[in-house]
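You will see two complexes here that share chain A, one where it goes with chain B and one where it goes with chain C.
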Partner chain A sequence: MRTSFIAKKPSVLVFLLALAAFTIAVTILSEGFGIGVISTSFIKTLGKTLCLCLIAVAMDLVWGFTGILSLGHFAFFGLGGYMIGMWLMYERTRLIVSEALMQGQIPPTDAEVIEGIGNQIFGVVGSSEFPIVWAFADSLGLQLLLVVLVPGILALIFGWLAFRSRVTGVYLSILTQAMTLALALYLFQNDSGLRGNNGLSGLQNLPGVETPQSIVSMWFFLASALALALGYTLAAWIVSGKFGSVIRGIRDNETRVRFLGYSVEGFKLAVFTFTACIAAIAGALYYPQAGIINPAEVVPIASIYLAVWVAIGGRGRLYGAVIGAGFVSLISTWFTGGQAPDINLGFYTIKWVDWWLVLLGLSFVAVTLFAPKGIGGLFDRLKKEGGA
Partner chain B sequence: MSTLLEVSGVSVSFDGFKAINNLSFQIADAELRAVIGPNGAGKTTFMDIVTGKTRPDEGRVIWGERSVSLLRMNEAQIAREGIGRKFQKPTVFENQTVRENFLMALKKDRGVLSVLLFRPSKADHEQVDALAEQVGMLAELDRLAGELSHGQKQWLEIGMLLAQEPRLLLVDEPAAGMTPEEREHTSELLVQAAKTRAVVVVEHDMEFVRRLGCKVTVLHEGAVLAEGSLDHVTSNSDVIDVYLGR
Partner chain C sequence: MIRILIACLALMCWGQAGLALDLTLQEILQQNKKLVEKPSRKTIGPVIEEIAASNLSQVQGFLEAWGNKQVWQRRSDGLFFFGTAVAKRQYELTDPDSGESVGEFTKKDLKQLKPNSGVRALIATALVQFQLSDLDPVKRAEALQAMERAPTAKHLAPLRLSIENELDADLKARKSRLERLLTISFDPDTATRVAAIQSFEGDLGVDVRATLNPLVVTSVNITSGDLPTDENIARVIKPGSEDLSVPAAYDLLVASKLAPPATSAEDIRAALVAHIDGGQVAKISVAQLSDPEIRRQAYDRLAEQSLVPAFIDEEDIAKKLLGYTVYETFAETSVAVTDAAQAALSKIDLNVGMNQTLDLTLDAISLASIYFLAAIGLAITFGVMGVINMAHGEFIMMGAYTGYVVQQVIPNHTVSILVALPLAFAVTFAAGVVMERLVIRYLYNRPLETLLATFGISIALQQLAKNIFGTQARPLTAPGWLDGAWVMNDVVSISFIRIAIFILALIFLGMFLFIMKRTRLGLETRTVTQNPRMAASMGINPDRVNMLTFGLGSGIAGVAGVAIGLFAKVTSEMGNDYIVQSFMTVVVGGVGNIWGALAGATMIGFLQKGIEWGYPSNTLAAQTYMIIFIIIFIQFKPRGIIALKGRAAGD
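Take a look at the complex of A and B:
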């Protein structure tokens, strides 16, 4: 069956080969494992981009295939990042605090160590008490589980309430934005237990690992590539069969699907929750490469960008989502990173750091108007011309 | 023959306008029934009520041997009980192939997990072929449904209904927009289908109704005006008044 699935979807094979070629090339050129042409910081950018491609695949599944324009999937991405960030920060602080206390005459008690960690982590928000949400932060296994459980359960509850009441279209999009805003506002508070607007930092340092960043960055880069490969294949498998038929049917005419006897709400909830978990995994891989996560990452606009990437890449085709996210986020890094040369018009200088968003907005409008199938749609045209 | 569906004393109003007014209707297993009536008589609304799309203000809708009430179920549950529906405007999944449309309709477990793991067996493909043959679409199986002609879409939808293996089929204006030959084929299909299940056909075209050769129910202003053979109802003076607008 597996072979027939790949055979039926040659685009999956092409995608996997392209991703493998890219990964190998980057590895050879990297500082950590190769000849050092690509700097460690750029490896991190590439690794992060792969995570963004993964969340774009999730977005395509929920929006492009099922027709649910969720403007809240970046909230799940951020939550995934927070969950892994808690362990990273706790464990590293614990090692540092223990070591410092060991310098003293008497070995420290557990309570002293805990208090020390609390002081270190929550000092910035004027506290040293461990909030309840950190209850499992000392266990990597449990925090990894929470990476999928917390966003998954949030998506399940939110989706159940929204879909059961048959909220659709623009109203659902607004509702997902409201959820994202509520989460961001909660995280911004100092007493949220997650260090308010300071967020969690130092996430690039793996506790107890002395390996240099040039190597660690490669681990994360390779893990991100693997996650994207798995996520893409899984998504392609899901949409290839009858499940794919049903969700595309829901996108195009959900009433008709209902009269065929399918519980539309159940399918929507399944896709919404599953994609929220994928988004969370992408986030959990992204933030250790970014090094820091704070509430500004989950503000509502981030989720809107995600929809823009998928639209530019071409929704309803998984490789389109990957192209859109990869292309736009890399260009965006280039423009906003100050690398793009400013354009001097004599009377006015276009600074790309400021004007990039305008350009992105205009491209979005242009794609919507002139190429509704996005960049991925160009492949169709090539195929047609080649075939004819 | 036992009663399969019993609708009794059902009323529904939209913004004060009574679209269905104390309507009662029964159909037995393996019965073919035509429902006629002028525009706005409430024929489509009647189907909406039976299939759970519209909730009536009062009345009962009782289904099957177990005499369960359909009013407590949602659209998907009612469909799974064995009630299939063809809409007035043909609605097939235009972005998918005819085969995919059929496969989605085949009577199988509708749960999320079983759908995810479903891969069509040889028997399933054979069943799809047989259905396609029955509605004359064998050659179109791998075409996108959106590319089909209007009449072909109607047939695809009828074929999908048959694939669901319903016990009751509600068909809203199946012959609209069809050529005379297509109409004839369609009426044969429906007569054939009614040999093993109950079929309710809403149709304006009297010639088509005559070919069905079955009991006719005339709806007017949301209630049953007359019931009986086509000749019987068309000679009824109330019916003549309604149709001639007197």
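Take a look at the complex of A and C:
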């Protein structure tokens, strides 16, 4: 089964080989495991980019293959980050607080430790009580489960409501955008239980692990690469079979697929929920590398950027999504990081920090108008010319 | 006594008449010479009272002069005079009683009376009763205002006297209102007070509530025996009920030193730490003390040795509380007055509640008109043409910035707004037409791609605005005649800007209906929307119609931007605040129908204000719940409140 699928889709093999080569090359050049050409902060950037590639694969599955333009997947990404962030922050604070209390003349009770943690974490929002959402924060296993469960169940409920009442096309996009906005506004509140707009911070430090950041960043980089490889293969496997044909059918003509007897809503819901889970996993890997998560990460515009990456990379093909996310996010970092040389026109100096978004926006219009297949479309053209 | 004697002697020496009861001003002042020379807040009171009680016609003038530091004392004989500067260091003195000039003196012969601010305040208080009957209505109003600000019992009598002779109807009403308020607070007769309280039933004034509330203020007391009979008891509270938790009741006992404080976990900890002895506390090793149970054991052992007070647990607390009664007492001693005040307050509360509902409704209407304004352009481009324009918010932003730029050029705010409205329309109309020609017309059958392309334009425009105008908020000032608010009473008020926006929304609604139903363009737009090919075969140019319609929708967004900029800050990101709400408005209301946008805006406006009322001071929560509500609403009405039926609904 598996061999036949790889044989049917040689592009998966090519992608996996390319990813492996990239990962090995980066590992050799890294500060932590290799010769130290690539700095730790850039390793983190690369690791984060791999996570963004993973969520782009999820986005491509739901938009490029099923035709649902979801503007809510970055919300699931952020939720995944919040879930893992809760454990990281709780556990690290617990270690610090218990150590501090142990310095006292008598050892602390559990209640005192928990009160101390509460003060540390929620002091910024003027509270020390643990909200109910932190009920499982002391257990890594449960919290890891929540990484998938919380966004998954949210996607399931939202998707069930939306698909059941046949909300499609742009209406669905606007509805998902509203969901994202509602989530972001909720998280911005101080009494949301997730520290309001302070967000969760200090996530780059693994609790109880004394290893330097150069090594930890490599662990996360390798984990992100592995997650991307698995996610990509899984996505490719899904779209290669009968399931893939059905969802492509839904994308091209929903009514016709329904008349053929397929439960369109069920397929859509399955894809929507599955991709939400992948997005959440990507988020859970991303935010420990970023070190901080706050509600600003979840605002609707982030999800739209996600759609932009996939469109520029070329939707309807998984490698297109990866290329788009990798290319655009890295080039964004380059331009907005102030590394790009300014262009002096004599009468006006173009500072890329200011003009990059204008360029991105316009290039996006250009891609939609002139290259609807995105960068991935170039491969087709090359193939055609090679064939001729 | 001695002082008076000396004063009398002094008076006799001057040989002036008037040892009788009716002393002149000068005589009163001489009697209290020392106090007047060096007045202090604490001692001057009786003197001022004596002056005020003398009923002399000159009193008001003298007190005013004294307060204004215009009274001088002649060093040679210690007499007091009004002094006016005639030349440098040269003053003309006037007798305070007769008002006749007594000649000019140089400054070194004189001493100015300089009462400090505390004394001046006392003088002003005494003056009020004279000013209440002053001939100048402005002064009377000022005096009244001073009394309203700081009412005292002393004001009551002069106020009552002054009402009858008051000629100005407005002032008379204010005086009688204040008289009733003062009666409530200060009149000794209970029946009069109750009558005054009853006269205010249902009154919305803040002053009434400020007067009545102190009457019903209660304090919590605790007693071991029967309830005292000499106090005005509001009610008996049972500890453990909703109003008073058991620990709070116990704290009352502790506060009155009737019981030892309850032992908290912190107390146990402190006690244990204090009794650590060689790694052990009461023969329990310190390392074991991380368990609360063992901590308790150790504490009990310490208590047995009488090293610490015995542990007080919940049972002890409950037992202790059984012997006491907790009750609330009114600060006001008269039962009739508190009953009347409570009755009046509950009626007032009801009335205030009703008026607050009205106020909330007005707020909701004004919010709805803002949403409607923001969404009406979208109702054309999205609702009628079916084009998803994510840059709609940026057109609003462009309109607002146009208004800002116009204000930089034309300083007169009224003129600049009148110029800005059509100019904003022109600018955004042009931008809309350009966008339609260059981008949207290629994407008419690909709505999702339109969404993404217009989003690209949106981020480009936002960044462009940021590059041109910077990140800080720019002001768009409303003309002066829009400042202020229409105040109906102390509860209900609405600012003129909001009324103006409401009217603007109505004008837009009318304009939209007129264009769509009564003009050639509207007819052609509707035709092209329904069937572009058929329209083309009828000789209509669909390209031109689409271009103009899109321009019209964008132009309206620009005008809305000027209106929104008047009350919200103008930033490059202001479009973000409105884009999702605008789409929600159109989708909830029903696409393709202006009445739908109106219904959607009304619903969202009322909903948001309603939720904000339920969750005060938390607009974020209100917005969150509103969006969740809308998501659920769309489940049941996917086509919006006002859905098009039949063929027009399309797919």
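Structure notes:
Rule of thumb we're sticking to: the second predicted complex is superposed on the first by the 388 of 388 C-alpha atoms of A that agree within 3 Å, B and C clash if a C-alpha of one lies under 4 Å from a C-alpha of the other, contacts with A are read in each partner's own complex, and residues count from 1 in each chain.
One rule holds in what follows: a residue touches a chain if its C-beta (ideal position, glycine included) is under 8 Å from a C-beta of that chain, and two chains touch if they have at least 3 such contacts.
None of the values given here were measured: they were computed from a predicted structure.
Once chain A of one complex is fitted onto chain A of the other, the partner contacts of A:G249 are limited to chain B, with no touch recorded for chain C. When the shared chain is aligned, chain C comes close enough to touch A:V167, but chain B does not. Using the contact criterion defined above for the overlaid structures, shared-chain residue A:G266 touches chain B, although it does not reach chain C. After overlaying the two complexes on the shared chain, residue contacts for A:P288 are found with neither chain B nor chain C. A simple residue count on chain A separates chain B from chain C, and the partner touching more is C. When the two complexes are superposed on chain A, none of the residues of chain A touches both chain B and chain C. Considering their complex, residues 51, 53, 74-76, 79-80, 84-85, 87, 91-96, 100, 103-105, 110-112, 115-116, 118-120, 160, 164 of chain B touch chain A.
Remark: chain A residues 69, 104-112, 158, 161-162, 164-167, 169-171, 173-175, 177-179, 181-182, 185-186, 188-189, 300-301, 304, 307-308, 311, 354-358, 360-365, 368-369, 372 touch chain C in the complex. Across the complex, chain C meets chain A through its residues 265, 269, 272-273, 276, 281, 286-287, 289-292, 295, 388, 390, 439, 442-443, 447-449, 451-453, 455-464, 466-467, 576, 580, 583-584, 587, 618, 620-621, 623-624, 627-628, 630-632, 634-636, 638.
Contact residues of chain A toward chain B in the complex are 1, 238, 241-243, 245-246, 248-249, 252-253, 255-256, 258-264, 266-267, 270.
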